[in-house]
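In what follows, structures are represented as structure tokens.
Presented sequentially are two complexes of chain A, the first with chain B as partner and the second with chain C.
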Partner chain A sequence: MPESGQTCLKLKNLKVHYGSLEAVHDVSFDVPTEKIVSLLGANGSGKSTILKAVSGLMKLTRGEIWFQESRIDGRSPQDIILKGIAHVPERRALFPHMTVSDNLLMGAYSRKRATKKELEKDTEEVYQYFPVLREKRKSLAITLSGGLGEQLAIARALMAKPKLLLMDEPLQGIAPSVVRDIGKLINDLNRRGITILMVEHNISMSFELSDWIYILETGELAIQGAPEDLSQTEYVKQSYLGV
Partner chain B sequence: MKRRNLLGKKVGIAAVIVAFGLLPVFTQSPYWMHVFILMWIYIIVTASLRFTITMGEWSFAHVPLMGMGGYASALLAMKLGLSFWVALPLAVLITAFIAVFVYLPCLPTTGTFFFFASYAFGEVMRLCWVRFKNPFGGPAGLLFIPAPGPIRIPGIPAIEFGPLSKIPYYYTVFVFMLLSLLILYRLEQSRLGRIAEAVKESNLLAQFVGIRVWRYKMVILLIGSAFAAIGGSLYAHYTTLIMPVDFYWGLGIYIIIYTVVGGTRHFGGPIVGVFLFVLLRELLRPIVMYVPLVYGLILAGTLVFLPEGLISLPEKISAWAMKKKIAAA
Partner chain C sequence: MTFAQFVQMFANGTMLGFQLSLFATGLTLVYGIMHIINFAHGELYMIGAFAVWFFFEELGINYLASLALAMAFVASLAITLERIFFKPMRGYHIPSFIMSTGLIFVLQVSIISFFGVKDKGVESVFPGLVKIAGVTLSVERLMIIPISLVVIVVFYVFLRWSRYGRAMRAVMQDPDGAALQGVSIDTVCSLAMGIGGAMAAAAGGLLAPIFVVNPFLGPPLAWEGFIVVCLGGRTSLPGTILAAFIMGYIKSFVSTLVDPIAALMCAAAILGVILIVRPQGLLGYEA
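And now, the complex of A and B:
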């Protein structure tokens, strides 16, 4: 378990089913505040399911999810966003026939009390992070490249003003030259105080970015640790680093 | 340039409204008045169907809900003696209430399943009108539905609705149509319209950003049903007789064809569709048996050559002309 600071997210004995199939079996772990935590594992090991469970899109069969001081399992996705958890789904899910700026506004959907001025200010702030998106603000999301699409997906999540960002394979299918940029962006967001729980297949980048790593195997927690410690274990060397 | 285009568009729309507003000055032919009154009603129903489509689901219960508006309004006037002006808003509320029960079982489904589920529940409603003679009149429907009461404006003689002149009906339905279009347009431009678009683009992603998809789908369907009910009520009090067969599945198909051929992506699409088909039907009266064939050919042709509908034709033509100009240069 990561040592430092307060716990942002706590999962206790999580069990999730897809029909009769058990996708997550008795998983417990913590995500410390203002850290980057990665969930690794083979396809079907339950990583994305855990993210969906945290954001309220999957119902738990058993277990508890705590965000900061409040229990959030059983709450609607809308309530969970209001609490401060935003989810960047896999494959850069965008509203393809909406413009970049409309996609951003949809990200702020949950902030019903925000005034037009506040939204404009936040959009401007997001554009400072993603200057290319400002140039493309009137373009349809469907016309963006993979890297820009990922930037927009992250930018849209930021419009919800999250404290915890759930990122599902943010580096998937992105040109190698852009992977570094996205990695740097994730680091920047974290430095700004956003806790990040990330699911990723890019092992080297996950080890580089993360403060702590959990590895899942067929729905169960197999091993965890700081990246520098984990990379020394036989399990990781054989299964992930091919050494 | 853009501002000039927008101004041109607004002037064009205003000119069309004024032209149709003045139509009875040039012709008071009962035949053409009747054609245009029905056209305005169909525009309300078709535009409201398109409004529901903006969230991505096609409802086949829309025409039966129009019928519900007609039946509710007629029964309120006939059994309780209410004036049309009171019966219409009450019928709208009743239809929206019934629409909740029609769409509740349909909402867990999407796409084709939603379409057929809505058809089934709409048909149940229609079969109730056939089956229950009291109060719906059975297959023969409701006869002698009262016409709207007179409109009294100080300083001018009362405007009476009756069999002698269709002009009061023409203007009443025309005003209802304009107001309905204005409200539907404003709704589409509002936050609700953006949410509808997001839901249409991706149900799942809409949930990711915190939209209560189920709730908004219901709200949009109920608004659409309310406007269908306005169309139904106007139809009932204009024709003074309604039957279950008036709201059969065939009319549902025609309304969908008007919408698709006009163009679903643009607010004006259904208006263009209704204009084309209603006028075409009148022109083809001598060969009425071939009307469905012609409709089918137009539908197929539009789907193949103009998938965004006839409303996109000017845009396509100007793009083609521009291409030619560039090639010539």
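And now, the complex of A and C:
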């Protein structure tokens, strides 16, 4: 378990089922505030299911989820985003036939009291981070490339002003030349004080970006540690680094 | 066919196009958001016509106010039906279809028990005739066009620029994605049913002074509405409006030149061809 700092997210004995199939079995872990934490594991190991459980898209069979000081399991996605948790899901879940600017406005949907002026200011701030999105603001999301689509998904999540960002395979389907840019962006967001819990198949980038890594195997926590320590273990060397 | 006949048929087709646009956009909205097949949508149209008859003829309220009241009443009824019957059926095509056919009978019998089975007439609201391009047309029928246009434009503005309208479009495109932005799917579903009901009621209320009002108006229009929705692209609102006008002109021209059954057969045949050539419909998105 990571030692330093306060806990942003705490999962206790999480159990999640898809029908009769148990996808997550008794998983407990912490995500420290203002850190980047990665969940690694093979397909079907329960990584995305955990993110969906945190953001309220999936119901728990058992267990507890705590965000800062409040218990959030059993809450709806609209309650959870109000708490400050934004989820960039697998394959991004953009609104393909809406423009880039409408997608961004949807990101701020939970901020009911935000004035038009505030939303314009926030959109402008996001465009400073993602200048290409400003150029494409009138384009439909379906017309964006993989890299720009990921930028839009992250930008949309930022419009909710999250404290914790859940990212499900942010590097999936992105040209190799853009992977490093997205990695840098994740680091920048973290430096701005956003805690990040990320699921990723790109092992080298995950080890480079993360402060702490949890590895899941068939729905259970197999091993955890700081990237530099984990990379020395036989388990990681054999299973992930191919050494 | 004389020029006068052509203008007459064109005017009727335009009127029917607007009527079907009002009716079918609600169906598209409900299908696109809730993924249910609501054949009882025709009954909302029928109840809208009855409500206008009741407010206007029985209570003596001004026609446009009666129309607005009918829209509000049917919207509330539609939201109630959604909460009780359709909420558990979301995403299930066949169970929702069976449920909605059951509701057709429940709603028809309810109206019969209140108002009887006999035809009701709504007296002319916009009497008189007007000459356009040398052809005499009824003002009553022509007035359907601007009133429908206002309802459709208000609906479009709501959907395009309002916070809830944007949320409805988002749910149509990616419900999980919309939920993750904080959209309440329950609220959006109720809103879709309410708006769909109000628009069906507007269609019924606008036609009430032209045709007779009876408890069996719904199912034939529901069939036409479903042809329009499939032709337009199932979840595309512009596609629905385009298909509604195609259907309106087919109904008007073929009914006059051949007969009404041939008009429906013609529309169904066009739907068949379009679905073979372009399975996603005229303006629908590819799955």
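Here, the second predicted complex is superposed on the first by the 243 of 243 C-alpha atoms of A that agree within 3 Å, B and C clash if a C-alpha of one lies under 4 Å from a C-alpha of the other, contacts with A are read in each partner's own complex, and residues count from 1 in each chain.
The definition used in the following text is that a residue touches a chain if its C-beta (ideal position, glycine included) is under 8 Å from a C-beta of that chain, and two chains touch if they have at least 3 such contacts.
Just so it is clear, the model here is predicted, and its values are computed rather than measured.
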{"item": "Fit or clash - chain C, chain B, common chain A", "value": "clash"}
{"item": "Partner chain in contact with A:Pro96 - chain B first, chain C second, else both or neither", "value": "both"}
{"item": "Chain B versus chain C as contact partner of A:Arg156, first or second or both or neither", "value": "both"}
{"item": "Touching partner for A:Val178 - first (chain B), second (chain C), both, neither", "value": "neither"}
{"item": "Which superposed partner A:Ala114 touches (first chain B, second chain C, both, neither)", "value": "neither"}
{"item": "Partner chain in contact with A:Leu57 - chain B first, chain C second, else both or neither", "value": "both"}
{"item": "Shared contact residues on chain A - chain B and chain C", "value": "55, 57, 76-78, 81-82, 87, 89, 93-98, 102, 105-107, 109-110, 156, 160"}
{"item": "Chain A-touching residues of chain C, taken from the complex the two chains share", "value": "163, 166-167, 169-170, 173-174, 176-184, 285"}
{"item": "Chain C contact footprint on chain A (complex, rising order)", "value": "55-57, 76-78, 81-82, 86-87, 89, 92-98, 102, 105-107, 109-110, 156, 160"}
{"item": "List of chain A residues in touch with chain B within their complex", "value": "55, 57, 76-78, 81-82, 87, 89, 93-98, 102, 105-107, 109-110, 156, 160"}
{"item": "Partner chain A, residues of chain B touching it in the complex", "value": "194-195, 197-198, 201-202, 204-205, 207-212"}
